[in-house]
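One structure, pasted below without further comment.
Labels A, B, C and D are assigned to the chains in the order they are written; within every chain, residues are numbered from 1.
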Amino acid sequence: MYTQKIAITFENHKQNVQKMAKIEEIQDIVVQTRRDILRMVHKVNSGHPGGSLGCTEFLVTLYNELMDLNDGFDMDGIGEDLFFLSNGHISPVFYSVLARKGYFDVDELNTFRLIDSRLQGHPTTHEGLPGVRIASGSLGQGMSVAIGAAQAKKLNNDPKLVYSLHGDGELQEGQNWEAIMYASGKKVDNLIATIDLNGQQIDGSTDTVLPMGDLKAKFEAFDWEVLEIKEGNDVQAILNGMQEAKNKTGKGKPVCVLLHTVMGNGVDFMMHTHAWHGKAPSDEQLATALEQNAETLGDY
Amino acid sequence: MKKYVDQGKNDTRSGFGAGMTELGRTNPKVVALCADLIGSLKIQQFIDENPDRFFQIGIAEANMMGIAAGLTIGGKIPFTGTFANFSTGRVYDQIRQSIAYSGKNVKICASHAGITLGEDGATHQILEDIGLMKMLPGMVVINPCDYNQTKAATIAIADYEGPVYLRFGRPKVANFTPVDQKFEIGKAVMLNEGTDVTIVATGHLVWEALQAAEALETQGVSAEVINIHTIKPLDDEAILKSVKKTGCIVTTEEHNYLGGLGESISGLLATQHPTPQEFVATQDTFGESGTPAQLMEKYGLNNKAIEKAVLKVLKRK
Amino acid sequence: MYTQKIAITFENHKQNVQKMAKIEEIQDIVVQTRRDILRMVHKVNSGHPGGSLGCTEFLVTLYNELMDLNDGFDMDGIGEDLFFLSNGHISPVFYSVLARKGYFDVDELNTFRLIDSRLQGHPTTHEGLPGVRIASGSLGQGMSVAIGAAQAKKLNNDPKLVYSLHGDGELQEGQNWEAIMYASGKKVDNLIATIDLNGQQIDGSTDTVLPMGDLKAKFEAFDWEVLEIKEGNDVQAILNGMQEAKNKTGKGKPVCVLLHTVMGNGVDFMMHTHAWHGKAPSDEQLATALEQNAETLGDY
Amino acid sequence: MKKYVDQGKNDTRSGFGAGMTELGRTNPKVVALCADLIGSLKIQQFIDENPDRFFQIGIAEANMMGIAAGLTIGGKIPFTGTFANFSTGRVYDQIRQSIAYSGKNVKICASHAGITLGEDGATHQILEDIGLMKMLPGMVVINPCDYNQTKAATIAIADYEGPVYLRFGRPKVANFTPVDQKFEIGKAVMLNEGTDVTIVATGHLVWEALQAAEALETQGVSAEVINIHTIKPLDDEAILKSVKKTGCIVTTEEHNYLGGLGESISGLLATQHPTPQEFVATQDTFGESGTPAQLMEKYGLNNKAIEKAVLKVLKRK
């Protein structure tokens, strides 16, 4: 099991031949991904739609426009940008984005959280799903991993970047601050860590659970380059902000993007509340939600 | 054999919540801490009734353990609440130094133990927590079998002075022990006397053991079923007495066979009375997503697996 | 073992009857404590003199002038100020200060790090040593404990304060940042956490091991009240600074004191270097060190 | 019995350091990480010779484990270094998820294991690390017995693909295994054939077991001594073969008897061949400050304790 190496080459997707030109094309994937998320969690009556929907624009844009990706997948990812999902509970959006990018068949989304599936409740390498490079789910571990991968890139003289995504509640875990201190102290400047600033966690808003104060001030006090994307559910704003973030890499500091998102974005009754952090919609709720997001690329 | 009746399926974590509610009313020293999992731990009523005695820590389990240790200084009896993985493996060294070695009166209460939490998958399904906690000197390790027993255990540990690990689960399971039971730490509960084989079970597997014993009875096998709700201190006497009578044993737990209750019993028997034993436990694998029933089937953790193990161990007598 | 309660009443020390008036008296204890530290670690050829010497003025002043202490010891410490040593490796200074304050007989300092002693390599409650309320040694845990004790005081309507001490290198442990975020988020304003800012850790200066940047900015970004004592080995500066710190308690924020100290202070060849973090002096080195610190209150 | 000669006392951690120096020269994929304990881990030479391949993490062990996992992505073979407590209990969940479950090729190298680190006392003396690491699916757990074997093991694990826990110690102990040994993961080493009793030892206790066997020989007891340097995967075959011959076993390790090598063997024997066993291990207590020799004496971890256990188990045959 542990020595098994997965290495695949995409057949139908020469994805890097040309970047998508139009916001509308990205937006189409966004809407389809929302449908995927909703249908996945509904089917198994479990999973985390709220954070997933909030990060859909970001992850779709990242994989389809921002990252330099190889035409295939192997664990080492040499010569390509890497992404690490630290807040593993938003696996639905991750799986949909990977599938629709060609890492595996979209039909496999049908197996989400079912027994014997590669699409575990939280992402894992254990079942050999292409696109996943680390298990997550237990919060707070992903930034360290991303730093390690970034330092490996430096050792390998690989100029590509490492991206990571973290929940805001997740930042309450101390391991993040170890990593944050280390990344600036050791000048890991090929890393762009994005924080999903939706202001929500399980038991309520971050302000009611544990007020986190000014995150920008915190990252800056830890000597990071910090950049805010105020409209974190707007594709153009993401494109602009992330381009700026890329421009800030390679200058001696790690880069943090504070991505202001709306939990449950794109489904009116799921928005702005922690209630949908980890709850699946009923049949009627699903129908309503899907109505608000008409099929674009075709359901799996 | 004695028939046990399911009074209606319920989750053991709700038994914990009910116990906390009662403690909130009866013991002003009891305080509760939670790491952003109030709903999962079923402690909302305790919080509503005792808002000053609740500490929302946020997603910071290490800090929670330290704060709990600190709260004992000043006479509080802190009950910490999060998932079993984050109650043990995530904070092992904090528990070790600030609670166990320091001898602090903290109750570490852990929900979603084992594989039956289901769909969240392996990162959340700890199958090592019994082993983790049993290795700590002075730690009491308790894994009650149903709602009623979990409630009784929750109430009982408040009166015990010293660190306790209390493990319970997410799925609704048969509730079959007496409503008004007295919970005695470290005292095994004889559920069914038998002569051919000893089945020692803990947690969710106790009900399964009873089902297996019933099925075995129809095959002419008389199984003694013991509920080991307290894994540490282990009721050596009850176990030895039983195996001296039956001559073989099956141990069953929702845990890796390495390091768990089964191995504690192997160690006991090896030094006192070597006995053929079979383990019904996970076989050193991580779990995965699935429904509790599917997972118990796939990972060999149900009454059928116990029955099979009994038939196997009987041949080895 | 776990139910054993120690409760002692000091016989010879009605310590709170009157506070010491003169700096010189404190200074005498400081010098004697230095001798105790040096003789303890020398005798067993192990232990941590560097950090101990650097914090001697602080701990002596804290226990003899700043803290409100009961005339005895029990675990709960109700109605008195409490102190928690998080950087447990500087146990020599802690033990000397406790002994000379009357918590146990100074002769017991002879048993430091010997088998069957209550004076373990790192402080522990396990052997029932009066004055110690938590084990430490594994770094990074003490601030959480201090917060818990501070919150217990609030529940008990006990207006007294909680003090804690932490190494600067120790702040690299993430649990501290969980605690730091929590203490301000939950307004734990009866806590004064002091950082031993000696700029050294085991493998070298903090700047060579892992640059920690501006600690004041960090604590402030985490919404603490921060105060610096630039002359952390000067008794008068400590008195002034800590009085100011006390004045800042009860105002909704936890208080951090950045205590600039010199590792190995008071022994010329031990000063300003990590080399003496955890090394005992030879016979000759001890003699030299003791010469520089002539007996004041009498050796144990 | 075969005489083993101490080639000169040395610390096993220096064997690790020497192994790292060699790996630094021979395997460009090997990188080292340390959490502010370079001197204790004896890796200064590796650092001097390969400054680019060394990562000083500072006092942040959780971060170290995550960074190590990340470094494997890109093909590195990371060796992490800190004390055993901070290599295991402090970071259990990080190892569990980011290394073990993720199947990452990280070598967790842990010095100052057990009680023999001496004066620092219980907060540093982990006696549970074997148990912690053996419960993780897929983790290889190795505890070599002397300088030469530790060096050989360090070199060998670089060629094995997958997570490994390598445990070694602080005190200078007898160095008696061959300089140029090949280290085979999972393969027990037969040190002395005997017929009356099997002594299975790991780590520092192997030399003590040999001393005990010599003393027993003068009393007419023929002890088989096996060095179990790999606790997981356990060499079941070697153990079973031996106890089938001798009919009784003493297991010895610098570890709590709960959860360690001894219990793994109890579990194995209970399912395969129930056998009288005695444990020479710590008895579920924390350690304390003292010299290594004093502590081994007080906590019953030396050749005298092994000899006593053998005489006891022989009576139980």
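As a convention for this text, a contact is a pair of C-beta atoms (placed from the backbone, for glycine too) under 8 Å apart; a residue touches a chain by one contact, two chains touch by 3 or more.
Since this is a predicted model, take the numbers as computed values, not measurements.
**Q** Across the interfaces A-B and A-D, which one involves more C-beta pairs in contact?
**A** Pair with more contacting C-beta pairs, A-B versus A-D: A-D.
**Q** Using each chain's Cα centroid, which is most distant from the centroid of subunit C?
**A** Chain centre farthest from subunit C's centre: A.
**Q** Would you mind pulling out the distance in Å between where the CA atoms of subunit C average out and where those of subunit D do?
**A** 36
**Q** How many angstrom between the C-alpha centroids of subunit D and subunit B?
**A** Subunit B and subunit D have C-alpha centres separated by 30 Å.
**Q** Report, in whole Å, the distance between the mean C-alpha point of subunit A and the mean C-alpha point of subunit D.
**A** The separation of the two C-alpha centroids amounts to 40 Å.
**Q** Return the residues of subunit A touching two or more other chains; collapse runs of consecutive numbers into ranges.
**A** In subunit A, 124, 126, 135-138, 172-175, 178, 181-182, 185-186, 210 touch at least two other chains.
**Q** On subunit D, where are the residues touching two or more other chains?
**A** As it turns out, subunit D has residues touching two or more other chains at 57-58, 60, 62-63, 85-86, 90, 93, 96-97, 101, 122-123, 286.
**Q** Touch graph across the chains, line, ring, star, complete or other?
**A** Topology of touching chains reads as complete, every chain touching all others.
**Q** Under the definition above, what is the set of subunit D residues touching subunit C in their complex?
**A** Touch residues, subunit D against subunit C: 34, 36-40, 56-60, 62-63, 85-86, 90, 118-124, 286, 288-291, 294-295, 298.
**Q** Where on subunit B does subunit C make contact in their complex?
**A** These residues of subunit B touch subunit C: 31, 52-53, 55, 57-58, 60, 62-76, 78, 93-94, 96-98, 101-105, 138, 161-163.
**Q** Could you list, by residue number, the parts of subunit A that touch subunit C in their complex?
**A** Going through subunit A, the ones touching subunit C are 172-178, 181-182, 184-186, 210-214, 217-218, 220-223.
**Q** Could you please specify the touching residues of subunit B with respect to subunit D in the complex?
**A** The touching residues are 85-86, 88-90, 92-93, 96-97, 101, 122-123, 127-128, 131-132, 134-137, 232, 256-259, 262-264, 266-267, 269-271, 274-279, 284-286.
**Q** Using the touch definition up top, name the residues of subunit C that touch subunit D in the complex.
**A** It comes out as residues 44, 46-47, 88, 113-117, 120-122, 124, 126-127, 135-140, 169-170, 172-174, 201-203, 208-210.
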